[in-house]
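Below, each structure is written out as structure tokens.
The following pair of complexes shares a single chain, subunit A, combined with subunit B in the former and subunit C in the latter.
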Partner chain A sequence: MTVVIGFEGSANKLGIGIVRDGKVLSNPRVTYITPPGEGFLPRDTAKHHQAHVLDVLEKALLEANVKPSEIDVVCYTKGPGMGAPLVSVAVVARTVAQLWNKPIIGVNHCIGHIEMGRTITGAENPTVLYVSGGNTQVIAYSQKRYRIFGETVDIAVGNCLDRFARVLKLSNDPSPGYNIEQMAKRGKILVPLPYVVKGMDVSFSGLLSYIEDRAESLLGSGQYTKEDLCFSLQETVFAMLVETTERAMAHCGSKEVLIVGGVGCNVRLQDMMEKMAKERGATLFATDERFCIDNGAMIAQAGLEMYLSGQTTKWEETTCTQRFRTDEVEVTWRD
Partner chain B sequence: MFVANLSVPFPSDKEAEIAYHSLRVDVEPSRGGTEKVLSVEENTLSVKIVAKEARQLRVSVNSFFDLLILVIKTLERFGPPVDSK
Partner chain C sequence: MDIADNKQLVKQGAEAKIFKGSFLRKPAMFKERFRKTYRHPILDESITKERMKAEARSLVRCRMLGIHTPAVYSIDFSTRVIIMEDVSEDTQTMRMYIDNVQNSNKNDVLKELKPLMERVGQIIATLHKNSIVHGDLTTSNMLVKLGRDRSTPEVIIIDFGLSYVDGSAEDKGVDLYVLERAFLSTHPNTEELFKTLLQSYRRNYGKGSSEVLNKLEEVRMRGRKRTMVG
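On to the complex of A and B.
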């Protein structure tokens, strides 16, 4: 029986999770929410995490009904993410690892999402679409690495959605992506937008500039509503993601597709992916918002896999890195 | 060049050592223009931060204090350290 505690705080969500042999015992989380029209900045986000991390830690231990002495290994997000928030969380992880005299593991954020997605859904060897505010990647496992077959060449799809929410001054509570999703459900007219797929890769910055530049005049013309713009943006970016994912599935002969990351919560994206998977005779796997959105348990789950396969992190390497490619990690826990 | 030297006493040698190891591994941001050296002797944590500009020094010292305070709160709340096996 192995008990793992995971610390996650790479963006505006702070979470600490406790996992025992693949079962989530606790997973409390808090979100730093900025006013409409504003994004979260690293320094303020770090201050938010510093103010809340010890309360969340206590809550995780209480809800799991676990004592520090029962924990086998401490895991934290090594990267990628925002520098100051990452360090704020890592410092606490390092401190409790020493206090409790436990080994420590630095986990890649993206692999946290993948391993939690695989565990929760039971997907065996899926093609993975990892979509969030900071990442957009199409990934397949091969020869001890999570290989990146396709990705955004500029901004993440979630970043595109979040920034557009700022243009419309939508609320950031519970998340701008969620609020765009709700608006889109009431959209009726499709606005033509740039569709920028580049082979296996995608690009969103031109699309964002296009819709940002025209939002005011499109709305002012009376021909379109905010709901129509949200609907159109979703239809366009999600179709791009489905296309690149399908291309990867075809290339790998994959029969499973797994969506992870915060944008993976979006039901419309899941619907579109489900249609594609069905047409290909494949199965779609997706998690709900407890695990789609950044959380501590996903770091604990990936850390559990790493620990059981013999990996720990040397103290000198318990740093954080803002850039940490998914394919840099040797996947010692898979065949 | 601007230099700040900080000296922080802890209740015990062990706690000073824990704080030292928690704080020493992070490098300064590469474009921050600052350099930071930590050392520990008995129950005292010593920090030297060197910067090219006063503003950079202030930012770095403030950031360090935020993390130091976080370590101290963690020690207070989740300590004391268990004895090594």
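On to the complex of A and C.
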């Protein structure tokens, strides 16, 4: 039996999860929510994490009913993410690892998402669409690496959605993306928006400027509602994502597709991906907000795989890095 | 009226179903861009039309430049089909070709594939010099035609649905970037091979190639430097 604790705080979520042999024992999380029209800044986010991290840790241990002595290894997010929030959480992970005298592992955040998704859904060798506020990647495994087949060439899809939500002054509670999703359900008219796909790559920055520039006049004309704009934005950006994912599946001959990352809990995106998968005779795997959105258990789960395959992080290397690509990690736990 | 006789499905790609059949008694390929039910119907319609036009135009332009692509026989928007020359005889995708060479345990994979990479570099240089950006360069979208003497296999470029005409170094740089990532992720440990391709591109493109290759470097760095939060 291997018990792992994982610390995550690379963006505005702070989560600590405890996993025993692939089973999630506890996974509490708090989110730093900013007022409508505002994004989260590194300094304030770090302060939020610092203020809550010990409470969340206590909750994680209590809910899991696990004593520190029963834990085998401490894992934390090494990157990618925002520097100050990452460090604020890592320092706690380093401290408890020393107090409890446990080995420590620095985990790549993206790998955390992938391994959590695989564990929860049982997908074996899926093409992965990883979509969140900071990442948009189409990934497939080959020869000891999660290789990036497609990616955004500019901003992440979640960033595009978040910034559009700011234009409409939508609430950031529980998340801007969730509120766009609810509004989009009531949208009817499709506004033509730039659709930019380059092979397996996508681009959102042009689309974002386009709609930022025109949102006011489109709404002012009385022809379109806020709901229509949300609907059109979702229909367009999700079609781009499903298309590039399908291209990667065709290219790799893959029969499984897994969606991970915060945007992955959007039901419309899942629904579109499901239709695409069915047409190709493939299977869709997706999770809900508990595991799609950043959480501690995913770091614990990826750390568990690393630990069981013999990896631990040397003490001098338990640093953080804002830039840490998915394909930099050697996947020692898969054939 | 169905102008195709005995159509047979040979492949389902990401965007289209490829059928083999005959057109005016000539062997032909039918590329049907089937409706994508996941996409909003209006969006689907406009994307499909745009891509069919782009594909037909670029295929014709390429032939005028002497780049080997399938000849366009006919195009029908109502059934979403482009009918083109059947180039499948003695061909396999570049992807399979490279896999086969890599798996054949030959010691010198690099040497074996070098002439082919040089040829690809040359073809892309010709496309770009003539302002054609392919938009989806992968080793699945290149066919290798095995000649009788296997010394210099011919390369056929297909799938021009995402292509467009653009003279900017930026777009050409992104075109190469798309190929680079598709190439290196599909064929691990082929960095040297890809270098050969780029060297040939530089040589054949001539003046202006530095600008494109600098853009390529810039686009690469964009990816590496992107802060990835969340």
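Assume the second predicted complex is superposed on the first by the 335 of 335 C-alpha atoms of A that agree within 3 Å, B and C clash if a C-alpha of one lies under 4 Å from a C-alpha of the other, contacts with A are read in each partner's own complex, and residues count from 1 in each chain.
Simple rule for what comes next: contacts are C-beta pairs under 8 Å (C-beta built on N, C-alpha and C of every residue); 3 or more make two chains touch, one makes a residue touch a chain.
Every value quoted in this text rests on a predicted model; they were computed, and no experiment measured them.
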| request: Using the superposition on chain A described above, determine whether A:303 touches subunit B (first), subunit C (second), both, or neither. | output: neither
| Should A:153 be classified as contacting the first partner (subunit B), the second (subunit C), both, or neither? | second
| message | Tell me the contact category for A:264 with respect to subunit B and subunit C: first, second, both or neither. | response | neither
| task | Give one of first, second, both or neither to describe whether A:236 is in contact with subunit B, with subunit C, with both, or with none. | result | second
| field | Which superposed partner A:9 touches (first subunit B, second subunit C, both, neither) | value | neither
| request: Using the superposition on chain A described above, determine whether A:117 touches subunit B (first), subunit C (second), both, or neither. | output: neither
| query | Does subunit B (first) or subunit C (second) touch A:177, or do both, or does neither? | reply | neither
| note | Max touched-residue count on subunit A (subunit B vs subunit C) belongs to chain C
| field | On subunit A, the residue positions that both subunit B and subunit C contact, one per complex | value | none
| note | Listed in rising order, subunit A residues that touch subunit C in their complex are 10-12, 80-82, 109-110, 132-135, 140, 142-143, 145, 147-151, 153-154, 156, 158, 190, 192, 195, 197-201, 235-236, 239, 242-243, 246-247, 249-252, 261-262, 271-273, 275-276, 279-280, 294, 322-325, 327
| request: Could you pull out which subunit C residues touch subunit A in their complex? | output: 12-15, 36-40, 42-43, 46-47, 95, 135-138, 140, 162, 174-175, 177-179, 181-182, 184-186, 188, 219, 222-230
| field | Touching residues (chain side subunit A, partner subunit B) in the complex | value | 46-47, 50, 53-54, 57-58, 68-69, 83-84, 87-88, 90-92, 94-96, 98-101, 315-320
| Interfacial residue positions of subunit B with respect to subunit A in the complex | 18-19, 21-23, 25-27, 29, 63, 66-67, 69-71, 73-75, 77-85
